[in-house]
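Paired with chain B in one complex and with chain C in the other, chain A is shared by the two complexes that follow.
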Partner chain A sequence: MAAEDMGKISDRVRLVFTISSVIFLIVLAVAPLRNLFSEWKYYKREYFRMADGRPDTKKLLADFHPGIDQIWQPNLNVTDRCVTCHQGINQPSLTDATIPQPFRAHPIIPHRATEWGCTVCHRGQGFATEVKEAHQTTLAWEQPILPVRYIQGTCGVCHRTDIPEAPRLARGRAVIEDLSCIGCHKLQGIERPLMLGPDLTNIKNKTSREWIFKWLKDPRTLTDGNGNISVNGYENEDEPRMPRFRLNDTERAALSAFLIDRKSNLIEPYKFDSRVTAAWEKKPDLVDQGETRFRQMFCSTCHSLAVVRGGETQLIGGDIGPELTKVGSKVKPDWLVSWLQNPQAYLPQGLMPRYGWSDEDLYKVNHYVMDRLTDPDLLKDVRIPEQAQANDIQSGNRLFQQKGCGSCHVIAGMKAQKDFGPDLSAEGAKSVSELDFGAAKMPRNLIPYLESKIADPVSVNPNARMPQYHFKEGDLGSVVTAALSMRGTQTTPGIHALVIADARPEYQAAGDFGKAYERYKCYVCHRFNGYGGTLAPDLSYEGSRARQPWITEFLKNPQTLRPTLTFRMPQFNVTDEEARVLANYLALVMQTNRVDLTAHHPEFTSDQASAGKQLYEVTYQCQSCHTIGSAGGYVGPNLINAGNWLNTAWIQEWLTDPQALVPDTIEPHRAFTAEEKSALTAYLVTLKQSGTVKASVPSGGSR
Partner chain B sequence: MSASLQSTLKGFCNNRVWRSIFRRAPARTNRTRSIAIFGNLFLHALPVKVREKSLRVRATYYLGSFSFFLFVVLTLTGIMLMFYYHPAAPKAYNDMKDLRFVVSEGIFLRNLHRLAAQAMVLAVFWHMFHVFYRGGYKPPHEFNWVIGVVLLLLTLFLSYTGYLLPWDQLAFWAITVGTNIISYIPILGKPTRFLLLGGHEIGENALLRFFVLHCVILPLAMIVLIALHFWRIQKDGGLTIRESDERK
Partner chain C sequence: MKWPSVIMISALVAVAALQGCRQKSSATDFKPPDKAYGSEPDWNNSQQIISLNYQQTQGQRIFYSNCVWCHASATPAGPSNMSNLKPQPPLANDGATLNSLSNDYLQNIITLGGSAMSKSAMMPPWGRTLKQDEIRAVIAFVRAIAQPPYQQPARTSSQYSEK
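== the complex of A and B ==
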């Protein structure tokens, strides 16, 4: 090869080398340029400019420095660079809504951002210094920032007990518990109760195949003949806990055939006293008398009935038990009698108290329910394709298991289904790759998934086994909030150490008291040392409050102290012995140390009592809330029998500090002087209704 | 080059400092040039003389040199990345975030390392194909061909071990798949997988092992073999020259 050829070639090589070097240099220059024009630097400059134009510049720029800012809490695993752009979160002068984001101050909350960081509550990517990366789901970060409407979801990660600052979370948890989600799913912080749906072993005794067929189509009782819902239930009360399964007629026919085919011990018709039957059988007002008794017993405290008021149908009554408007068309008369006599014989875990019935009452109420609480059109439209065949029963059996019915309902001899649905105890921490979006068109992240799946399970998966729930307005959001709070143990170790466990107190009553307590299900409405319902007064300190004879009388004839209440203590027909045991126990055990019943009180003089009357009526105007006799307000309890009802020491302590005894009472906390307290107490103990208790016992007969 | 520049250079090369470093005056003759090459730790592996034909672009496309250049880039960027990296879960992934969001030019460093790694795999393959089709595996180059194949495997293995280090989903699943494939090797498969992962599943042990392999063992092996590879080119009589090269 000639030398000049070589020279030519090396020239060409040199040219290529030069050009590629220049290109390489340009590429190298892009990197620092990108750094220079990064988003966070822009926001830093903007903040500086904004602060510069305000009167409090010095304060706003006190901590300003041109680099990246971050909140670093190693024990919480928090490295949040959000404050690089959100510069003003701790500046009280930037709270105004006119301050442009990202510079506005954070609203005042119990946790300081400097101590907790941002992502502990808001999620999102704290490491990021780019707007999109920090807030959205990206390829390298799945948990986007929480929309404000779900922000309470993160409260629940640590606060497993409900807190007043997070009502949506508390509501969501309550709805999840009410709707028995625990039947199919493992959930964080919710234990499986002893009973979810009723035991269906003996359903044959209770109702007809036609009713089951209708119920399975849409599990609500308040439907008219055309299947239209006249009262939705969930508009003013909670949706029945049973959700709607997507079943066709064949499936419903099979399931109803299977359920009605269960072998069960048929109920012997109850033999009423022949004298009672003879006396009442022909009475024209039998049903009306039954209705009166039904009302007197205050069944409505737990059960609601549809009532037409002013042309509008409304449900009136409590929601502890099922709504009963058309129950006469559902249950069989013999079953009803046996249920009323002893609900636990049919449902051992049922919440219905065992009333003490006289034959007469039972006869009347039974007739009332079976004659008046009916709808002749209820089952008119039910057309069951054919008589139950063996193959129907078999496919019903299969369906029962396929649909997960056994998750909530027990049938003797069949295996209970557990964990039928997926484990949701860490649902709030699930990554996008673990979610099945199917063909649904929606943003690929957890929140829209939860919203869509809970509202309509088939929206993301056409073959979903999950049934359809109905939610009151806003409850869907609450449920999503609660689901987002379930993050299992996947939270960082730092957070895990902060979890405030939900300690639910158990109250175990034993002995004779325990038997009566269990029989009348006192805990369904009353609270005992933190355990039990909230419908009725907390009885934890009842022994300090009420005098034992009064409790005994009250149990035998519960007359309400607050006449405006819709929900009242039912008339259980407690026997003398039971009343004695219950009152003894309450008086001796359910006490508070704040009230010393054994302390010696000097006798009150009549002067004190009249001074107290003066204070009651003139100085403090107590009658604006309390009634004595027929005069006074209805906000507080009736004090006409206060002398028999309340312990002297309790009245004294109550006047000193009512909230110390009952934390959420609305009784005003007044600074009475010692003389005033004595005078008021002296007056109140003189208020006694003598002999009225016995005289007003309704004519219920005795057992 | 102008005469004055040449005389300046000459003066620069002819003082005590130069001599203390290079032990001899600038080489003027072929003999002194040869001695200079032989006497230099870094250059002695290279041939003293090469044929013009083998310097032509078409003879090699400089693929071997390019691969080596990429290896140098990878070593330099890799060392810099090591300043920011902890082979521990979950810190490893957080370090990726730091590199992206707070370290000055961190994203550039990472991308350069990643792109250079991908380019190196391509370059090494291309180099191998090129050598193969030129018959570079034939005697007397057989052993150097074998070293080259080992270098290719080392390159791939470096690439693979580096893949786990970001500790993200991609890394985790890629290594899951890869090590599961290994476990299908009869008899040796399962123990090899165990050895690689330091356990039965991909956890911190695996991360640490991959880190040590990626940053210490494999690069060292690579450096030794690259040196041997270069040295053998010289000892085996230079690059393969084909008849078609001769004709031109």
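== the complex of A and C ==
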């Protein structure tokens, strides 16, 4: 090649270079242009335009700058650029629903977005600067934003104790606990109780093979006129604790054969006093008398019965024990007598208190249950051979283990099944790659997975062993919320430090009090120093509140203080000695330091009492909530016997600050002067029901 | 020379590239999630569900613990206490009575009680039992369930008078 040709390039090459460099320049220009037209810039401009057109422009644009905004909280692992588009979240003037999103202010909640960021509660991707990537599951980002209906799921990550602000989470946890999910699954924050389902060792004594067969088919005892199933529970739509397992008739026959074949210690039939039997056997009103007694004893506080009202079947009664409408067709009469007499001998961990029965009452109530609470058609459609066949028993044994029955039910001599289902204690933190969607058609992310799996386990896994629960719409959402809150051990140090552990106090009662406390299962309804049920008043400070003679009398003959309550303290027929022990312990031990019972109070004058009456009736009109005698409101307790019931020092302290004594009481805290308090107390202690100590409703003893 | 065609091609490439990045569409096909924090059935028609935000849900909780006894026709315990009171208190969803009262007025009567506002002394003061924020939440809840529905006033009315 000639030297002068070295620097020369042919026209053709030059053209190629020209074109390619122009294209290159344009492509280079695309990058800044892309940035200029990006979504977040669009929202920045829109916000600016909106703020510009409002009277409070200056305030709205005080922090405005054209770049990407972010909330950075390194200890919470938060780098949230959500505020780049959601620019008005801290502007109180942008709360109105007419403000278009993403500019609306965040509703007022206890945690400020600037301190917590957004993704701590809402999930989603804080780094993302595109709408889709921030909110949805994409290939690159796995965590979708939580729909608002599940947002309480994140409250539960730190708040392991229920908080009133997150009712859906609390409900979900309660449902999970009620339905004994812990039987098969490991769950965060839920402990396995001593007993889940009843011990089935001696079920032969209790019921028939036919009934077991029927129960396995349909673990409910009620069907209404239209054949719709209503279930035992406080609301007709609630799920029963025993789910309906996917079993066919052969399997049900096998399981029932296996269960009825368990060797059990046959119970000796209870021998009633022959005089009682002789006196009552022939009485035409035996069953009616039994029903009256059943009602007087307030069995309905824990057990419900179906009642037809206005053509509609309704369950009336509590949900602590099983619904009893057809129990007479279930249990054997001898078993029922021995159960009523001492339920704790059959199920030591059960919740049923051991009543003090007279033979007469036991005889009457037993007849009532076996005669009235029955359904002759209940077992009509059950067709299985009377005698259990050996091969049925064997396959029943196998099924019992295959279906995980041993997760909830104990049978003596059989190994309890533990962790039958998968560990769910970190289910809420699972990423999409850990979930098995099977052939199900649904968006690939955790939320639809949980919704679908909990609503119908077979929907994502055709071979699921988990039975199907029929949740109400709201409850399904609550359970999903609670499942989302279970996210295992928090690895982010900032969040780990924030976890407020669930404190579950235990209350141990010892000695004679402990025996009576266990016998009557006081803690099923009452609360003692944070432990126990919430159906009945908290007794932690009962000794400060009530006078000991009153407690003794109340235990022997509980009369409700609140006329509208449907659930009342049952008539246990406690003995004099037990009443003395219980009252003595409550009066001396269950006290608060706020109320000094030993402090000397000057005698009240009659002038004070009449001034108090004036305050009660005219100035403060306490009768709007409290009844004295028959006049007054239903909201607070009846005060007709306040003088015998309440300690003077308690009344004084109660009038000073009721919430300091009972934190969730709805008695309004008022600013009474010292004179007013004394006058009101003086009046209240004069309210004594004469003869309450002696006169009482029939106490249920043999008469 | 073919300059025009070169420019044409480059322009086409640029337009195509810009089209690709103007993903305005993704913003519109994004479906916002269910907005309700809580819900309450319309008291006059239980088929109708009113969705509540966080504050209204807190108000709902406080209402059902403290106020429901006298301001509803049925209560968690059964019968309402309304019939025991004279004058009878308004139902919480009674928009005809409550909509004309300002938020400040309601805040005051709940905080200070009926007698402080020259109304029935049967309405107790709740200012020492509930926090101001809690009372605000109750008012927000009452506004949400009002029938006829509550309309926010154009101007703020007096906190001292009913109207």
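In this section, the second predicted complex is superposed on the first by the 640 of 703 C-alpha atoms of A that agree within 3 Å, B and C clash if a C-alpha of one lies under 4 Å from a C-alpha of the other, contacts with A are read in each partner's own complex, and residues count from 1 in each chain.
Following the convention adopted for this analysis, a contact is a pair of C-beta atoms (placed from the backbone, for glycine too) under 8 Å apart; a residue touches a chain by one contact, two chains touch by 3 or more.
Fair warning: this is a prediction, and the values are worked out from it, not measured in the lab.
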item	value
Partner chain in contact with A:I68 - chain B first, chain C second, else both or neither	first
Partner touching more residues of chain A, whether chain B or chain C	C
Which superposed partner A:Q621 touches (first chain B, second chain C, both, neither)	second
Which superposed partner A:R295 touches (first chain B, second chain C, both, neither)	neither
Chain B versus chain C as contact partner of A:P32, first or second or both or neither	first
Chain B versus chain C as contact partner of A:S433, first or second or both or neither	first
Which superposed partner A:K380 touches (first chain B, second chain C, both, neither)	neither
Which of chain B and chain C A:R149 touches, first, second, both or neither	second
Partner chain(s) touched by A:P167 [first = chain B, second = chain C, both, neither]	second
First, second, both or neither for A:E130, with chain B first and chain C second	both
On chain A, the residue positions that both chain B and chain C contact, one per complex	34, 130
Of chain B, residues touching chain A in the complex	52-53, 56-57, 94, 97-98, 100-102, 104-105, 107-108, 168-169, 248
Touch list for chain C against partner chain A, complex	1-2, 6-7, 9-10, 13-14, 17-18, 21-24, 26-27, 30, 32-38, 53-55, 57-58, 61, 65-66, 69-70, 75, 77-79, 81, 84-85, 113, 115, 120-122, 124-126, 128-129, 133
Chain A to chain B touching residues, read off their complex	1, 6, 9, 13, 31-32, 34-35, 68, 79, 81, 125, 127-130, 133, 140, 433
Interfacial residue positions of chain A with respect to chain C in the complex	15, 18-19, 22-23, 26-27, 29-30, 33-34, 37-39, 42, 101, 107-109, 130-132, 135-136, 145-149, 151, 164-165, 167-168, 562, 564-566, 618-621, 624-625, 632-635, 659, 664, 666-671
